[in-house]
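Chain lettering (A, B, C, D and E) follows the sequence in which the chains are written, and residue indices restart at 1 in each chain.
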């Protein structure tokens, strides 16, 4: 059974059919790419997968369970986490708190507001455990030294990585990354690729990512779906898809 | 005169000694001062009343000082702003206490007055409010007032209307967010039944909606009210008169002391106020000499016509003088002793003031005086 | 019949709210700030007209013009001194500054003009309209206010839609940094906005006091708040919204007073506002801008 | 004389010094690439040149005129356009309104219409979406709009801040083609890019910025071949 | 770990300031000669400090602008004063009576917070501000129209006038419309005020530095991202809002029990008051609990200290407001401050949070 299965997904904005008859199937542990021209509807697909938009048609199955139309919070609890095309950090919180706050719904770290106000022993114990867990994640992304920084004071590339760390903290089954390498230079992109691979391997994570940087896409994605004008143009193994003449004319050029 | 000269006076001059023996310890009082405090709103939307009181009281104080003071003591008068707020009034009171206030002439508005009365009671400080008209404002034994109480005005108005058969169908427009207005209204409504007056329409408004009275007037008109009772202040009344005129509604308008001042509204078309009746202890247009002197002096000093708040305050200072002289107050008495003496003296004196002749006080602090009904005719108050 | 008459009263009150709300919404729409001092600029405008008419004996049109000029200058000066230094500061800081300006104007007026009520002479010389054999009266003030409102509304809409300065205003309201890159003088555009808003405030003040002729240093404050509510009700930033919001607010207030409770009319007005906003979170005419994720 | 001369520019954000005295020049008709890592100060440089922020010291001279203290809006009418980082389109205005605002400093109606046609020809997608609020455009569409908007002012020099960010490969190529075209049309280009390879490949000269200092400069081709540039910015 | 102790130390400093101020004032009162004005201000200072701290939870931590905070204060004040007025005889010990009154005020205001919060917190930004303003005005208007009497038959209630209460002659009018509640005992004192302030601080500071507080601040910083990591926006918004309301209610209780006459005027429970509280918060530093407490104290004392200036007082207050905002917020002033501040080096560290 695929980890994520999307069937005939579609959405319209006013008269605009942004995504139409979109199908996707991702296996557990896969590193999957979603590419396509600007405005093709990639981010919109993410938005539907995370409940930001309600699809007008189609179905989303996560681990076989129908999650279509659920709200963002529920979908996150079901195990879908994401990053954003335009970075959305909690800019006034520290780097550490950005991650800790994402541990919010983990059973083992949950305590009530009253416990927090009264500073019961449970509060101290769980806060300590959360600190440890968050630091572990930050280390993965090489952010442990900046744990005390205000998130908005991080350099751009690190902010992107912090977003991924934060998404990881919700302990997802499926991680959606929207243009993680945007605004990074080739060296930074390279290190990001390594991190993504590492995350996948270490946590056996399923990852779906949108990216325009072909080096990254061809470097780490195992399979691809190409979206064009809201519809699937091609899908399959990365190498084959990138060789597809339709994809070349619509997206890659040359 | 410094304390030095006072000391030499008392030891060397025999004639003075005799005089001193006569009027208590005048020698000690000579050159000393009596500190009277005043409290009222001088900023905020009730500032008109506070300023009037402050000005008139200062005027009275200056007059008295020029004439030799009270028992030879000069009066020092200080007025503090309370913004018509109970909490601020405590601060004002405490500021005056720190200044050394020995008696209080205040506060101007009812709610702060009620609050300050309680504070003053704790210090056993004598207070005389010129215009705090709520029943509770003088609840403690140390508090007296110059003006009528709200129930008293409501009652008197209903009685006057009933006794003079002015109308049987009456509408009331009152400020339900004002202690003064709703206080008068409550007793008026209760007494109206006894007087065979039917309240056919009652239109409340609040401080937040006091610009438009078209609905209240319309309802009064439709209910066939022959008289509209306005237990409110003249600011709103001036709009009511304008709007009634605009809709061609011309009943008798009957008000209380709050309406006094309506002719003094700068640029107000006084023809609109023709025929308005009001029960007020003071009328700036009265032709008695005291009033005329007062009004002229006030106008000269402050540039506008005094309203009844000013008159109450002016009276208040003279009442304090009368009681203080009666009680033989000296500046070195403790606040509490003064208060005790003043309390007794207040029930003993009779004062002819601007706001009434032969005013006396009962121990509960209420004045006894006749309300005067006046009607505005040809732009002046005319006694009825 | 009495219902219609109430309705007319409501429109009459509403038209005053509307004309104030137009100025509010204009400044909010462009400068993105709640100008709490707007009501007090209205008060200043009324005092200027009062002094001009009664103390200086100037003819009414000239007095109104003088009031407009003084308010325009005042608006620009306030913006320059109090708001401009905070252009990029927290919105709250600007809000507090506006409140400071409001207190300042009130207390300045208190010092200059005293607390005594002044009765404003109506500047409207239009005869009241008498309908249904004298049973319904529409005052000249109402007629003029509504007309002024409509004219101003249309004028403002056309100005923003067709004039270059109007386009500049739109751009500034969106992103002033990017607007500068288009060659737009942001400071001047915002000054202009305040100038227009304050000129409207002067007109509103004169009409407010013509309809409800009592003038004190606090005259502008409650109508200011109500008009502000009206602007929100209609969708703040929307010019036709301010008009509709104002008129509706007036009607609701009067009808509530007439048929439900005159004591509770404010509570009712504000409750309606809450209900409207809960149903339509951006007011009647406000457009909802969805944040692209 | 150079068209644009930057002399010893120092810029602070509060106490943080973002530019530590940089100097460079841009000659008429050139395409200049300004490259450097995140936070090197590229955006700050462009902001200072176009007058959005004031430098602490140093000067900016444009066509012989010192514009260091000239406000941004005046600089635009002098013939300098700036495509800002992050696009900064007017989100609730339509595409068309955005484009018209680009021509704010111009008054020649006919020519504005002509420019509009040109922009639409370059970016047909914008014409399709001309009535859509710009905020709902996709990232790439917004980038096209930002460029189109800048071109609407008919600039003699155009500053571009990472115009290829977030664009599909085909569009990246297209954007670079457009830059070439713009340059061929006689407009001078000062280009800030993360995509150093592409930028240098179309540029005449380049400057490398590192933590607020220019560390390297030269012909674009030379920089492309420079070992340290290759390892630091070209990912080779 | 180091960070934990840092926030804890920060909180301790805040408590320390309050306790020191308390001890100082007590000593001054007993052995020094504290002015009557100062003595009279002590309880109000606690009231305003609590209000400022509680509003900061909504404005600074939750990031929503509320202009109706005085409304919640009003609810707390009237609910508790009604209780105290009715129970004056039944519960003779003032402190016990006061504690129960506080609970009642807090609960009533908290419930109002929830009731207002549920529909209203969906609104964004300035719309929320308007609705809260409207709420405050509604409360004030309603309270002015409540008539409540108590006689041997129990409570009588009317929204029209006292006459409609139809009470027995010896009945007691508890709330008399606009005339409010008069003659309730003033049960509060400085010590109780300080204890309430400390409890408020304890709740707010601990809440902020906990899981809940982080969630609330995350919503403030980026609602969409907060949702994406599974934070229930509505729940936390309402939680923060109603806690803030409940604490404003507590302040209302203290306010009411410091006075013997309680009326709902525009001045004390209208939007003017809400704005005054907001001024404390903004001037003290949005989100800075200690700052808002201190600025509440300073700004409450300021007009009293300026009394000698008479009618220029409020004018100066207005100028102080404007100047303070410009000096703290204008970029030019910030730059000057940063450049020439002797703390220049220390400030560099501000890059790190706290």
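The rule we apply is simple: a contact is a pair of C-beta atoms (placed from the backbone, for glycine too) under 8 Å apart; a residue touches a chain by one contact, two chains touch by 3 or more.
Model, not experiment: these values are computed from the prediction.
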item: Given chain B and chain E, the chains that contact each of them; value: C
item: Result of counting contacting C-beta pairs for A-D and A-C, higher pair; value: A-D
item: Where chain A and chain B are represented by their mean Cα positions, the distance between them in whole Å; value: 75
item: Centre-to-centre distance between chain E and chain C (centres being mean Cα positions), rounded to whole Å; value: 31
item: Chain A and chain E: spacing of chain centres that average the CA atoms, whole Å; value: 42
item: Junction residues of chain E - those touching two or more other chains; value: 137, 141, 144-145, 224, 311, 314
item: Where chain A touches two or more other chains at once, by residue number; value: 43, 52, 84
item: Where chain D touches two or more other chains at once, by residue number; value: 136
item: Residue ranges of chain D touching chain A (in the complex, touch as defined); value: 37-39, 86, 125, 132, 136-141, 143, 162, 165-174, 194, 196-197, 231-236
item: In the complex with chain C, residue positions of chain E that touch it; value: 59, 65, 119-120, 122-124, 126-127, 129-131, 133-135, 137-138, 141-142, 144-145, 159-160, 224, 271, 275, 278-279, 281-283, 286, 311-312, 314-315, 317-322, 325-326, 328-333
item: Chain D - residues contacting chain C, complex; value: 50-52, 71-74, 76-77, 81-82, 84, 88-93, 97, 100-102, 104-105, 133, 135-136, 149-150, 153
item: Parts of chain A lying in touch with chain C, wherever the complex brings them together; value: 43, 47, 52, 84
item: Chain A partner contacts - residues on chain C that touch it in the complex; value: 293
